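In structure tokens below, several structures.
In the two assemblies presented below, chain A is common to both, partnered first by chain B and then by chain C.
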Partner chain A sequence: MGDYINIGRSVRKIDALSLATGADKFTDDYEIHDPLYIAILYSPVAHAEIKQIDVSAAEKVRGVVDVLYYGNVQRVLHTTAGQGYPEPSPYDALLFDRRVRFVGDRVALAAAETREAAIEAVKKIEVKYRDLEPLFDMEKAMDESAPRIHVDDEYTKIPAEYRPEQNLAAEIKIGFGDLERGFNEADFIEEQSYRMHYASHCAIEPHTSCAYFDDRGRLVIVTATQVPFHVRRIVSTVLDIPVMMIRVIKPRIGGGFGGKQEVILEPLVALVAWRNKRPAKVVMSRKEVFISSRTRHPMRVRLKTGVKRDGRISAIEMDCLMNTGAYGTHALTVLANAGGKVLPLFNKIENLKFHGRSVYTNLPVGGAYRGYGATQGYFAFNQHMDIIARRTDQDITDFFKRWHIREGETSAVFKALGEGKEGVSQVINSCKLDECIDRGAGAIGWHGKRGKRIESGRNRVKGMGMAIAMQGSGIPGIDMAAASMKMNDDGSFNLYVGATDIGTGSDTILAQIAAEVLKIPVEMIIVLSSDTDLTPFDTGAYASSTTYISGGAVEKCAEDIKNQLLDTASVMLKAEKDSLKLDAGKVIDKKTGKKVPYDKIAYHTLYIQDQFQIQAQASCTASESPPPFIAQFAEVDVDRSTGKAEVVKFVSAVDCGQPVNPVLAEGQVEGAVVNGLSYALCEDYIFNSKGRMVNPRFWDYKIYTAADIPEIITIVVNSFEKSGPFGVKSVGEIGINGPAPAVANAIFDAVGVRMYETPMTPEKVWKRMKEEGVN
Partner chain B sequence: MVRTYRPQSFQEALEIKKGAPVITIAGGTDLMVKRRRSTGLSPYFEVPAMFIAHLGEIKGVRFDGGNIRIGAACSFAVLLQNEATPPILKTAVSRIASPAVRNMGTIGGNICNASPAGDTLPVLYARDASVVLKSIDQERILKISEFITAPGETVLREDELLKEIVIPEKPFDVNFYRKVGTGMTNTISKITFTGIAEILNGMVKDIRITFGAVAPTVVRSRVNEERLIGHSGKEIEKMIPEISSLYSALINPIDDQRSNAFYRRSVSLRLLGHFLRALPGC
Partner chain C sequence: MKISFVLNGRDVLLDTDPLRRLLDVLRDEFNLTGVKEGCGEGECGACSVLVNDKIMYSCILPVGSVDGSRVLTIEGYRETERYKVLQEAFTEAGSVQCGFCTPGFIMAAEALLSEDASPDEKSIREAISGNLCRCTGYSMIVDGIKIASRKGRGLW
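This part shows the complex of A and B:
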């Protein structure tokens, strides 16, 4: 690790002040001249055919300009998943369809001069539905008698198992070794099923999009997105508008977490603008976000392991059933990650089978959500390993340290399970998981408190639980990022990146990487990101890819700039290039001590001799996806009189390679911990018998507030990942994998009941305690 | 546009009330939420609105000849700061919503809203609070249990305003309040339990028990309470199963998006048990 001036330093987020003062703009802050406002009509029924739709009353509402539904909109099958092209998600969605598949499916929209008129108009659209039998139980989705949800010409762009006639949106089977022999060799078999539930991303900024025209009639879409380049491509395809006629601008974003990896509103706002040659705007309400945007896929994970008396696992079978809801967005890849990001962690298991199925139901649509299947897989894995460690009389920390993957090792699962296609073989270059486990255990006082059932008050008892996890850093062979830079007269640089800062701070850390290569303060880098006209391409902010892959593009680009600086300086200083180095905004001749500052170099190239501009561009892909590792510990206080599990302290120790900006890295982990605890303990989609979510509001869908948050300690354990720029790995998602299983394990430690499903509400803990007779 | 009134005195507010239908807004923390519309649209009021939260006459808390009198427009934040506020009421108020809502929301609003989950109500029932209702023509004083008749329903007349809440001053030796909700803040109660008792020479001299959010209105039974009066903690401990079944017959919780009836019932009774066991001498 070098002597860095920017890397590993917690420089201030470059947009901190402008955000704090309200100067920086979010999508809804853009002042669009005289827009049409869009309101959307959603299906009130879970499964039906539209028998008749009458928009005449809606069209007569004063101020209404356009009413759209399946009858007057092009029928282009697509997926809303903003993934690499061709997307691994099935093409099963239309802008508007004759059939509705969940409560919240889009039926029509109205565009009007005012919001009031648009809302009034959609209320006046008369729809007659012919109800179809709904399918709510994913376990029954593949039954022969189950109603079929997709009956038209849905298809996949990639070779993948896709059988809509069986409601099967994706299926994956991999394995190696001899499972049966492995089970036969075992001293005991442990088999359990674990369930994780629906959740909303709860980004505080709801989905928001607007569209207008530039002076030459090109369509400009300003939108709250994680994937501006996928937005441009998908809008172009769905609306048959050439890519070159569309510009997508991503302003500041109020949180994504995967929810804005979906292209939901952009085609609508673009369609209204394009048809009417008027600007248009749409802002989702919280209710709309809950019922009609995307969610975390619910999953049932069955784990069966053969275990030797010493805790060695002789065989493991993982069977996942995932509910993708009415459409198959991310149905294959989230499923793949439930195995692919989990099973390699125990790479010494010789006999392994993974079987996953994603099925359609008439419930809300799953999508990308921080953790992306790994969260669901780890909820099962970490509880399962806690059971095994207890049965073999070992402390789970020792058990994990004994079996987890290490530096220099590999797992056959890496190659077998990719994201939409075969994965890539990789050897672990960096893994400080042992240190994470030890330091995390120390920080929470693991050894003094675990298993002690310390009474913490009348009817309150403490328990300790922990979990480990890995994630990836980008998608190898699929993700691509590009960056370009140019030098200005004063020695400053413009950095243009396709990468999408969604509040994560990626603009800042990419500037830090460029500034480190050029040995200048971050303030000398002017960042412009995510504008499809002005910045180079990037697949987007997802899959924990930005620091590793977009960072790689920035590093390469800055290295090119550095080379040009040295070339020019060697002419100006009449020195050998080899004897020159960059230092604090100057090029110095190590031999003579002569130096030339960057502004002089810029001046020289722009005005004086052999004029040219110092500028460069670079692209980066990844041939591997180095996993970050984490150990997370929960101290939980269970109130025996109410069943409430209250987390009092939560410790994470994370190996994310070399942190570029430790405060931002910690912030990602802390945010993921709060996100994960809230999901584990209180967030819940509650459906009535008709498949309608009855709590689509923050009143009743509870997310953690400041008062609920326990003491959180985050330890960043430095390592060096040689494949990443300056040794980096990812950190954005991994922290959400541990909270649920760590809390579940802690509840077991406290009161001896195993929580097989989330959310672990007081009602459920109470019920489990009754069932187990411990209350 | 919403037509609004901002009276300069409580008297003027009563005159406005007499004249035409208006919605009375104190803190607005329930009214504004109930009338909210889609993103970007302002709340909708079907009739003119009258603001009363600024009226000094109905904002204070004071001792007055054996009673504590609380102005209807007294905010939760003020209640928390005032020395005259009974401690158990402070405990309940401290768990209402969040600091921002406590700064705006008022005790009068909480009462007139008459939610089964209104968090000041179980304490006011336990403390035998009365409400003073004023119109231009008359003043009525009712027990809070007579004032609230059903979820969201009170006997407040069109021309009346709730002026103040009167709580008899009386020291209780045991003050037990529990709110069970999903989060620590901004949480609508799944259950609240209030138990207060006066102890004399190791015997229960007076005891009050109320349950919130487990029936259409607050559950309290003087008959059940009287069974406990005159007994020692030790005796009461033996009575817990019997007392629990008496209350189990009175509470009638529901399944909803916040919890379920089984949980509400069993945890309510468990909290009752905890309270009774917490009496001195147990």
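This part shows the complex of A and C:
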């Protein structure tokens, strides 16, 4: 593992300073000269045909330049999911359609000289709707009598089950062994359904995009995105503008969490700019983000297991029904992950079946959301295993340690369930989950408090719960990242990466990797990321891929640079290349002790002899997706009279391989934990009977503040993943998988009721206690 | 209407609709883009500024209401010694992820520390409970403020 000078050190985030001063620019901070402001009209009804639309009054509003709707915009089916091509999401969306499919669906836009004029104009667009019967209950979506939501020419780019005539956006079936026999062999059957609800990513920066023209008339899109290269491709396809005429720049991004893996606003600013030969800009209000952008897919997971008296599981059946809302963005892949990231964890189960269906409804559109289906799967899995451990009289920590996947082992699920196509088989190289469980249990005081029902006040009782999870590191065989580097006169290096820092700190991490290879301080690396004109390609910031895959590209690229440094130094020092090594910004001859600093090498190559630029580029794909592992523990205090479950302490112990930057890694876990707790206990989309979200503001859609959070402890358990650069795995998503099930298990521990549904609000806990007669 | 106030230590005068949001005036007229908009409804704190040393949401403040007041944004505050201590502490503690919320948190921290130079954990949490952050999970921001109050002894 070596003596690292950058890896494993919490070097300062390279953009922390400029962000803290407020000087670094987010999309809305770009000074765009004289833009057209865009306002969007959203559907007030859940399901309707537009009978008539009259934009004449809107066009007359002073300052209005353009009003767009289905009548004057090209009809190009596409998906807004910012995924690799061909996207595994159905092509079922238009820029504007004659039909609206949820409250918040786009109807039209107005572009005007001022924001106010644009807003006034959209209010003046007159639309007559012919109401269609709405579909809100996903359980009924495939009924014969259910209204059909997509019935035109929607299609998929990849071979996949897609039956819009049945409201089926995706279906997956896999299995092996003999389920029947497995259930027959069991001593008992455990079967339950678990439900997770809608949620908003709530990145504090709302979705924002702008577009302008460069001096040569090319279209420049500056946008809050996780996927700049996919943005360029999708905008090009939807608007029929050549890729070479588009440049996408990703500035600083105010959080993504999957919400900005969607290409929603970019085609609109591009279209308005292109048509009017003027810059254009659109900023979503918080309300628009809630009602019209993307969400976490609600999911119902039914788990059925056959269990032997000692806890061995002889068969498992997982049946998932996912609500993808009005459009099928990520409908297949989130669904696949609910099984694919969960079932391999218990790899000793011989008889297994996974059946998943994603269905359309007239509700908000699901999308990528940190955890990406694994969160929904683990809510079910961890409660289910808690039930089994209890029924077989074992402590759940022992039970998990006995059955989880280990180093050197594999699971057939890896191969069977990929993201949009078959997965890849892989053997686990690194897994320190036992240590995570032990250290986490120690930190929370598990053994003194679990099952003790310690009274903490009048009518208050404490409980302890835990959960384990794994995720992946990128999408094998699909994700690709590239990096390039060049050397400057003073021995510093420019590093260009397509990788997209959305606040995670990936610019810093990637600089650390390059600096480690070249044995220089991270300050000597100048990072430029995510500009489709200047940086090489990267699929983007999703699927927990950046450190592992983009990091791999950077490592390779830096190795090439290293080689060139050694070649040049061997000429300069008249030494054998083999006897040279890099050390603190110099190349040293181990035999003679002679050395030459990098700036001299740069001068030599740029000005002195056999001139050339020291530069390199590299691409990286992955043939596997090594999972990080986590064990998470919640101590909960339940008020029996109100049902309020308060988390008092939360511990996570994570194996993310070799952490590149421990503080940033912890930050990823803590942020995910707090998001997960907030989702588990209070965040909720509340719909009225017409499918309208009635709480689209932070005032009513509560997310945790600093006053709400418990004591949070994060333990990073080092391991070494040999397939990753410097032993790394991912860490961005995994932390969000455990909070909900750990809390649910803790509530059970405290008061003996199972919470089969999130959010676990006081009312729901109280109601469950009433049902079970325990309060 | 003519409105004058002291913005980041300088007298400014402008003729504008007094009902315009202070946030828009700061961003659009003075290009002070360190003041962010996260919700526009007084619920997230990204737009926080100090008005006569009190923390305020500039997105729900009509510019007319600051007539004759002192307004401090991150751009003015970052010139101070106190800011440097906070910035150091935030960087050290990992309080900055995406950074969109950071200027708002720094202004909230200044408002707190100028009232109470060595706040306990609970008062820190309360003081920043009007600011939302979706990236960090808050603990690291609380730590940052603790470090600042320790290292900046004598400054507040």
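Annotations
Just so it is clear, the second predicted complex is superposed on the first by the 775 of 775 C-alpha atoms of A that agree within 3 Å, B and C clash if a C-alpha of one lies under 4 Å from a C-alpha of the other, contacts with A are read in each partner's own complex, and residues count from 1 in each chain.
Throughout what follows, a residue touches a chain if its C-beta (ideal position, glycine included) is under 8 Å from a C-beta of that chain, and two chains touch if they have at least 3 such contacts.
Predicted, not measured: the structure shown is a model, and the values here were computed from it.
In the superposed three-chain model, the partner touching more residues of chain A is C, compared with the other of chain B and chain C. Once the two complexes are overlaid on the shared chain, A:34 sits clear of chain B and of chain C alike.
Contacts of A:285 after superposition on the shared chain: both chain B and chain C are touched. Once the two complexes are laid over each other on the shared chain, residue contacts for A:165 go to neither chain B nor chain C.
Of the two partner chains placed by superposition, only chain C is touched by A:201; chain B is not.
In the superposed model, A:707 lies in contact with both chain B and chain C.
Once the two complexes are laid over each other on the shared chain, residue contacts for A:641 go to chain B alone; chain C is not touched. After overlaying the two complexes on the shared chain, residue contacts for A:17 are found with chain C alone; chain B is out of touch. Of the two partner chains placed by the overlay, neither chain B nor chain C lies in contact with A:610. In the superposition on chain A, A:26 contacts chain C only, with no contact to chain B.
Common to the chain B and chain C contact sets on chain A are residues 206, 283, 285-286, 698-699, 704-708. By the touch criterion stated above, chain A contacts chain B in their complex at residues 37, 39, 115-116, 119, 206, 283-286, 458-459, 641-644, 682, 686, 694-695, 698-700, 702, 704-708, 761-763, 766-767. The touching residues of chain A, when paired with chain C in their complex, are 10, 12-13, 15-17, 19-26, 28-29, 31, 201-206, 252-255, 257, 283, 285-286, 502-505, 663-664, 666-667, 670-675, 697-699, 703-709, 712.
Residues 37-41, 98, 180, 182-188, 257-260, 262-263, 266-267, 270-271, 274 of chain B are the ones that touch chain A when the two sit in their complex. On the side of chain C, the complex with chain A involves touching residues 31-41, 43-44, 46, 73-75, 78, 86-87, 90-94, 96-103, 106, 124-126, 128-142.
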